[in-house]
Every structure is written in C-alpha cells, then in structure tokens.
C-alpha cells in the first residue's frame, strides 16, 4: 500500500455552470473527479432551495484529487468562473491510495 | 488568485434536527454553507436505511467554510445538539479561494 | 467541548462493490460511517453517467472518521478492492468533536 | 372467522404484493423502490381517499350519526395511548413507553386503505366521514404522549417545545393533505370528482398494489430487527391491536354504527403509526429507541393487520351485527 | 366579470389544490413533493398536450386561420419583451430589466394548461394549433432579451455565447418535447392517440391537480421573498399580465380568432416563464438577481393568473365576442 | 418485408418517442428524466406484464404446448451465449467475450414489451406463458458465461463467488418481479385483474411511450461511444440478433408454435440484456470493459430491434406461417 501526498480540490457551483468547471478539470489532465448533484445551500447569492423550479439553479459539488501543481492551476482557472457566477472553491491536503 | 487559511466544519445530523444546526450556522455569521440531503450511514444510534418510512430519520450532511474562530464557536454550540440527538461533527484545514 | 485528532477515510466505489467496503469498515470496528449514494464521476474506468441503466454502475461515496491506526488498516484492506474493481480512496486529518 | 375470509383477504393483488416485497427483502434481492416513488404512492393514496371521501361527504351531508362517529374516534385517540402507556410501563422506561404508546394511539392510513379495498372486494363501500374520523385520530396521541412524558419523566428541562409540537402535530403532511382534500372534495362535489376520477378513483387499487410492494420491501428489511424488540413487545405488538379492535367494535356496537363503519373504526383503533408519530417522537423524545417503536409498528403490527387483522376484525364485527 | 366565473374557476380541484399547497408552505408543514415527482408531472403534462394537440392537428389540417394564429403568436413573443424592457428600465438596471422582460415575453405552460382545463370545465375545448402557438412563444424572448442586453449593457466582453444561447433556446426540454410530441401526435393520428389516451387523456385533469399542489408548495415557499421585490415590481407583476392579455385579446379580435383561441392566446401573452427563461438568464445574465425575476413570475404572476387572470381574461374575451 | 410493416411499427407513439429521445440526446438538450422515474416506468412495465400474463395463464391453464414453449426458451438461453462466446473469441479476449455473450444470451424486457405492443397494434394478442418464457431466459446466460470463464480464463483465483452469483441471478429484481407477479396474477385471476386493470392494463401503452422516451435519451447519450466498439463488434451487434431471431423462428416452426408466439420467441432470442447481465458482469468479470458490452446491447442492438428487428422478424415469421 502506497500513499501519495495530494491535494483535494472541492468546488460548489450551480448546475448551469458545472460544465465550465468540468471543462477546466478535463483540460488540466486530472485522473478523475466525483460529482454530487443537486446539493443545496446558502451563499452570497442567496439560498438554494430543495425545489427550485429549474434544475439549473441547484448546486453541484465536485471534488478531484490531484497533485499540488494541477490543484493550483485548476484553482486559478476556476477563480474567474466563481467571481462571475458565484460558488465556492477550496483546497486541502490528502493522502491518496495509489493503485 | 488569493488563498486564505480557513476551517471546514462538517456535520452529519438527522433531518429532524437539521434546523437546529442551520440556526447555529446562520447566527454565527458564516458566509455560506452547503447541504447534501438524504445521506445514510451508521453510528451509535444504529443504521439509517435508504428507505426510512419517515424522511425525518434520514441524515443530512452539511459543511461550511469559515475562519477558525467561528469554527470553534460553531463546534461548541453544536456539541450539545449532537450529545442529545446524535450525529457527527468534525473540523479540518482548508485553503479557501477568495473571490 | 473536546476535539480529538482523527483521520477521515474517504472512498468512492461503484454500488456493486459498496458492500465489500462496508464489510471492511464494519469488521475494523469504526464507530460509524456516512454514505452518499448515486454520485457520478470520471476515472480510469471511464465516465459514470447520471442515467446508467443499471444502478450498480453508479458510484457511492463513503467516509468514516476513525483513529489513525484503524485508518491505515482500512486503507490497506481497501487497496486490493480498488485495484481490482476501480474506485478511489484517500485520507486526511480532522478534529473530531467527542460526544 | 371463516378460513375463506382470510383467503379472500390474502388472495388480493395488494396483499400478495406485500408478501412479495417481504420475500424480496428476505432473500436480499436488489429489488428497490426509490424513495421518491414511495412518496408518490403515499401522496396519491392520501389525496385519493381525501378527495373521494369529501365527494361522498358532499352527497351525504353532516348528520347526528356522523358526529357520533367522529366523537367516538376522538375518544379512542385519547384513551388508547393512555392505557397503552400503562401496559408498557410494566416493562419499559418512560421514554420508550411514551413513544410506543403514542404510535399505537395514532393510525396507519395504509392499513385503513387496505381495509377499505378489502371491503370493496367483497362488495361493500365505505363512507366519506370515516376518512374524517381517520384524520381526527392521527395527531392527538402525540399530545397525549408528551403530556404523559411531562408527568412521568424526570427530565431536567422538559425539553418539549410545545408550540412546535402542536404545529407539527396538526400541520403534518398527512393531516394537511387529508383535511385539505376532504374540503376540496366536498367543495367541488360531483363535477369535480368526475373530472379527476380516472386518476384518483380508477387507478386506486392498482396504486395500492404498487405501494404495498414497497411497504413489503420496507417492512421486510426490518424483520431482522424483531429479535431486538424481545418477547414482551412482540406480544404487545399483536395483542394490543386485537384488544383495540375489540374495544372499537364494542363501542361501535353501543353507538349503533353500521357494520362497515364499525369494521373500519376497529382498523383505525388497531393500527399504529410508523410515519407521523415516530417523526414527532424523534424530535421530542430522543431518549426513546426508534428501533423499538418503529420496528414494532412497521414490522410487527402493520403486517399482522394487513394479513390477519383485516379478516379477523371483520368477522368479529359480523358476529355482532348479524 | 361575473363573480360566479371566478368561483367556477376556483372551485376546481386543480386550483383549490394550488391554494392547499400555498397554505401548507405558509404554515411550514413538512409536506414536500420530491423534485423527481415535479418532473414527472411536468413532463407528463407537456407530453400530453403535445400528443393531444398533434392528434387534433392531424384532424384539422393546416389552414390560413392557423397560420394567422401562429403569426400573431410570434409577433407577441417579439413585441412583449421589448416594451416590457422599456417599462422596467424606468426603475431597474439593464441586467434585471432584461431578465424580467424576457421572462414575461415567454410563457408558462402550466398556466396555459390550467386555462385549457378551465375551458373544458365550462364545456369548451381547445385546438391543437394553440399548443403550436405556445411552443412558438417559448423561446424568442430569450433572444430578444440578449439582443437588448448587447445594445444597452456596457459589458467589457459581451460574454454571450450566442451559439449556446440558440441551442439552449430552441432545444430546451420543453421546446423539444412540445415540438416532438406535436409531430408524433400528428403522425400517429387517431389510432395512435386512442392507444395512449387512457394515460395522456383520461388522467390529464387528475395529474394537473397533483401538479398544482406541488406548484402551490413551490410558490408558497417564495411568497416570503415578495417583500424583497418592492412595490414597483409587484405592481408590474400584476399590471403587465393584464396589459398583455388585453393587447392579446384585441389582436385576436382584429385577426378574427374564435373566442376560445382568443382566450388562450391572452393567457399565453399574460403568463411568464419561471423555468426555461430564468435558466437561460442565469447563464447569460449572471448580473441579474434571480430572487427578482424568479419570485416575480413564480410567486406573483403565476398565482395571479391561476386564480384571477383566467376568469378575468375570459370575461374580457366574452365582452368582445358576444 | 413490406415497407408498410416497418412504417406500421415506426408510426407508433412508443417507437417515435424513442427516436425523439435519441434526437434530444444528440442535440444535447437539457431534457432529462430523473432515474427514479426510469425506475417507476420499468417497475410498472414488469409488474403489468407479469400480472397480465399470470391472469391469462389462469385462464388458459398449463398444457403440453406451453411446456414445449418453455423448454425451447430454456434451450435457447443456454445455447445462444455459448455460440456467441465462440464467435466473439475470434477477435476478443476471454473476459470481454464472456460479458458480451452473456448479455446476448439473456433478454431485454422492454424489447419484448414493445414487440407485444406492436402485435396489439396490428390486432394480435400475446399469451401469458410468453412472459414465463421471458422470465426463464433472463438468468441462465449469466451462469453459462461464468462457466465459460472458469474454463477459458487463466485467473489466479477464479474470483467467482458462486453462491452470490446464483442468488443474484435468480433473485435479481426483474426475475423476482416477473415470477412474483405471474404467480399473483394466476392466483387472483379474473377478479384480481379487473380490480387493477385500469392501472396495469389501460395505461400500459402510454407508460411504454413515456419509458421509450427515456430509453431514447439513455441510448442516445451512448451513441457517441459506438466508435469505441469498432467495426467487428458493431457488425456483431446487428448480425447476431438477426441470426438468433432466425434460429428462434426455425425452432418455433419445428416445435409448431403459433405465429404470435414464434414472433415473440424470436424477439427474446434476438434481444440483449443491458441491466441484469451487465450488473452481474461488473461484479464477477471486472476485467471486461462495460463500454463494450453495455454500449453494444444498449446503443446498437436495442435501437436496431426496436426500429427494424420487430418488423423484420415479424415478416420472417409470416413467411413460414402463411
């Protein structure tokens, strides 16, 4: 069993702009990512209810495990998306089970 | 791109008492939070199944990113709720993308 | 309020093999775990869509908070599962609210 | 009780589907019904009986007889949790006794609906005011339970937020739906009902069949927990419904109900809540153990009533009415 | 407007269920309809009116009259968002003015369906081409809105990805479903319709009843946000629909529509989108505040049209046609 | 094959809705059907054909003829995966060959149901025992596939948990539902069926229409993966169904089936599983690539059978029977 020091990048963004975030992840060459759809919450742009009439107003929560360099690059490219459309993004340290 | 050292506070609690946790978050002045509803799990109070007849028995998973001081205050106010009604609460370090 | 240094073990695995992971968690004596079902994502084995015809192809996301020793033992036992069937597993540090 | 009454009850698609669900759960099949579909079926059934009951109320109007039925219903909703509590106190602590007593003081709408569908399968109908009676019996047990708790439990602070309790008791989703649809059914009468009858009338038994498959799966998954409840509670989960039913039938006889009403009334008395009351107990009596009160009403009393209770109480009523 | 027209509209199961939903939301009941069920009802209703409309188109064929109706529909879809924008600009910034104007330039299918069901409850039918008209009116307002934005907003980069905007406007789910099912209904004609009529015809009003309960819950939860929109917008949310309806009726009169068509056309003009257009605005005009444009169309205009607009526009039309 | 047989098949609401779904997926519309609704439709269809089939079995009773049909079904369920495996081995490794062969050895209930609805649209019915035949053909291919794997793969440990394999094969949700509802339909007979017919009979074709829209969306999203499967497999995904269908029809001719049964039998032989078998393969043959076996049965064979296979096999059968 080998554990590698990696970064976890977590993003919350509305479903409408999920595609932009995924494009960034794909193009930065991460090995994978996980998406939890239809999460709700509260932020600067108000409350996201459980029964928004349009699904595009609900949030998605995405995380990816990648090396520090990629994490920094992803974060810097996500920054303008979040500045414009809202959402949240944060990083932390994890140990990744190599397989 | 600017990254700030922050805390992530994570809480798992049954839907019935979610409201109490949200009241604590709201009143402590965090900038936002995210909720994933209807998660299941196992803890001291037994197993939460995927098809509980009443939704109030299912769990919700909430996280908020905030500064350390707020994190401590939230945790200390959530402690009695969890002691009485069950659930889980834990903190970790994150770097938050300022926007 | 007392905070204990613990590990968070996070696992993403398809629903088919969720059972194997839960067996490992149960037998290692963790105090609890939380499951978020039907998450989607992308990894070495391709993309998991939101509408897989069979639910066994969707992913589940599980996390447990436990002490370091248990975390290591769980990770080493999950390693062969992930090597064979795919998925992701990673560890991080948390402070756990004792109750 | 004639054996063919039992068969007549069991050889019905809804009841058989219930057993199919239990079977699938026991053999750990991957058969699963997503919770939003459970919600669809249960909302549908509540709305359907509410609208239909209201429509029939519009036809029948309010009479002394109906007021008598509703009075009896209120009476039993208050009395049952009290004596159930004292029986339970023999072996249990106050918290668990309260939670279980409150569950049995309330009702299970699905049991009522299955009984109504049994009635219709033997050619009898049911009256709209029985739906009103059911609605009346949903919530009082919560209040009674918490009153018993204040009297008997030595909690530092009572911890009961009465305001919230009342709101959650009387505005909980089934009460709101039943009261609302009863009213709507009454207000829109014949013309209203005809326009929605294909959905809320015609499909009724089919939807019940679908839903009981789901209930079978849910109850079946909890059958494993039965060993945790112990012999005393297991006996309680079967004996109390029968006792409640008998009491209900006698009261109905004294009050001169017609036989269908008496039978449905006995079902209301005999059935136990596994949704609204447990949810309320979780909030106000966290000390009580859900795997006792939930398992008992869902995995013991509900199947018992569906399979045996319905024909049993029906034949008891037949004895007194014929 | 006769008072009994209002009553006739309100004393319908669907409309009453809408109010029940609002009530449940206001008293903070735990009544909740999972979003996948909302989706079920809305998909069902769109498919049902599409298939039925197509079937009727197959019977009636295309005529000059129908082309006239469709032309008028297109005209209003272009004109309404423009004058709405200039009215809104009096008090709002460009971004919010665009988002709101676009919502009111488009339509609400549920309002249309409720109006159609009102027609049928007073013994009148509706024609298949009105569904086609509705479809035509769904998307132009998005394009018009973004054109206005390019003209009036001083954004560094316009930020509008026009390719995507067109794709999302004309292939959004309701447009695709309506166009698709209109075609399928036309192609499969009488025989096709008969085979699926029990689901898509018979259950129609019942499903609408179920869905309006859900819409009531959703609208009710947003009623609290009304104070945020302010008096100007509140007035706008009621006055503009009435203005649009009147304009629609006059155009219909000039173009010699029959009365049912005129009434439904006025409903289309008066109703505002709370799904497709807001979703498009979220993407292309993130500067606009959803709690203005969404609250206004969902919590103000939608309930107003359902409860008062329908009988009001109907009596306006009656005045001109009788 | 007459061109109007193809038209007659395609100009049906269910089949057209399937194409609408594919179209919506191809233009990347936001049209989406939540997975719990897929589940609703598929559960509904399985329960409906099970109950209806059981009811017809109760009428017809068991005969030598029926036993012959069921024997043939079992035979094909064993033979098809074996020869499919050897064909696939020409170009593929053992793991992928096993997974694909097992899929084609099993059946697709939705294909069967669409064929049955095609039959009814040309005025023919289908017999209850054909549902039993379908049920029999669901699972053997899984076992055969894993046996082939043990023989041909050189895995360190076989890694197959046979106990679990058998349990998952014979208690998987569709087998349990079909066997269960066949039994329930038989036991409750005429009276049972009549009480639930409005839901499980009347709405059948409408629900199929709804579900095929969903299947179109799902299949459409996977069309992009077709290029990954390569020419050999693409050819296989079309040629093998036709081969299986022809073989099925000949066997049916020899065994003297009536024509409707022969046609449905050929459909069962020709169709491939995209739910139960892939799920089993994922567990027991993780080395195989789902984007081969899933894409092939879901995005190639399923659409082919729905659009062309049904009229093709029907005209083949007509040739031999008339």
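Order of writing sets the chain letters: A, B, C, D, E and F. Residues in each chain are counted from 1.
As a convention for this text, contacts are C-beta pairs under 8 Å (C-beta built on N, C-alpha and C of every residue); 3 or more make two chains touch, one makes a residue touch a chain.
This one's a predicted model, so the numbers in the text were calculated from it and none came from an experiment.
**Student:** Chain D-chain F contact: same residues or different, taking over half shared as same?
**Tutor:** different
**Student:** What chain is the most remote from chain E, judged by the mean position of CA atoms in each chain?
**Tutor:** Most remote chain from chain E, centroid-wise, comes out as C.
**Student:** Counting C-beta pairs in contact, which chain pair has more, A-E or A-C?
**Tutor:** Higher contact count goes to A-C.
**Student:** On a CA-centroid basis, which chain has its centre farthest from chain B's?
**Tutor:** So the farthest one, by centre of C-alpha atoms, is F.
**Student:** Can you give the whole-Å distance between the Cα centres of chain B and chain E?
**Tutor:** Once rounded, the distance between the two centres reads 39 Å.
**Student:** Any idea how many Å lie between the Cα centroids of chain C and chain E?
**Tutor:** For chain C versus chain E, the centre distance works out to 46 Å.
**Student:** Listing for chain C: what residues touch at least two other chains?
**Tutor:** Residues 36, 50, 55-56, 92-93 of chain C each touch two or more of the other chains.
**Student:** Could you say which residues in chain F touch two or more other chains, in rising order?
**Tutor:** 30, 32-36, 40, 198, 202-203, 279
**Student:** Per the contact definition, I'd like the list of chain E residues that touch chain A in the complex.
**Tutor:** Result: residues 32-33, 35, 38, 214, 217-218, 221, 274-276, 278-279, 282-283, 286, 290-291, 294, 298 of chain E touch chain A.
**Student:** Enumerate the contact residues on chain F facing chain D in the complex.
**Tutor:** Residue list for chain F touching chain D: 34-36, 39-40, 43-44, 47, 51, 167-168, 171-173, 176-177, 180-181, 183-184, 187-188, 191-192, 195-200, 202-203, 279.
**Student:** If you look only at chain B, which of its residues touch chain C in the complex?
**Tutor:** These residues of chain B touch chain C: 10, 12, 36, 39-44, 50, 59, 61, 75-76, 78-79, 82-83, 88-93.
**Student:** Inside the complex, what are the residues of chain C that reach chain F?
**Tutor:** Interface residues on the chain C side: 14, 16-17, 38, 45-46, 49-51, 53-57, 84-86.
**Student:** If you look only at chain D, which of its residues touch chain F in the complex?
**Tutor:** My answer: residues 11-13, 16-17, 20, 23-24, 27-37, 40, 121, 198, 202-203, 205-207, 209-210, 213.
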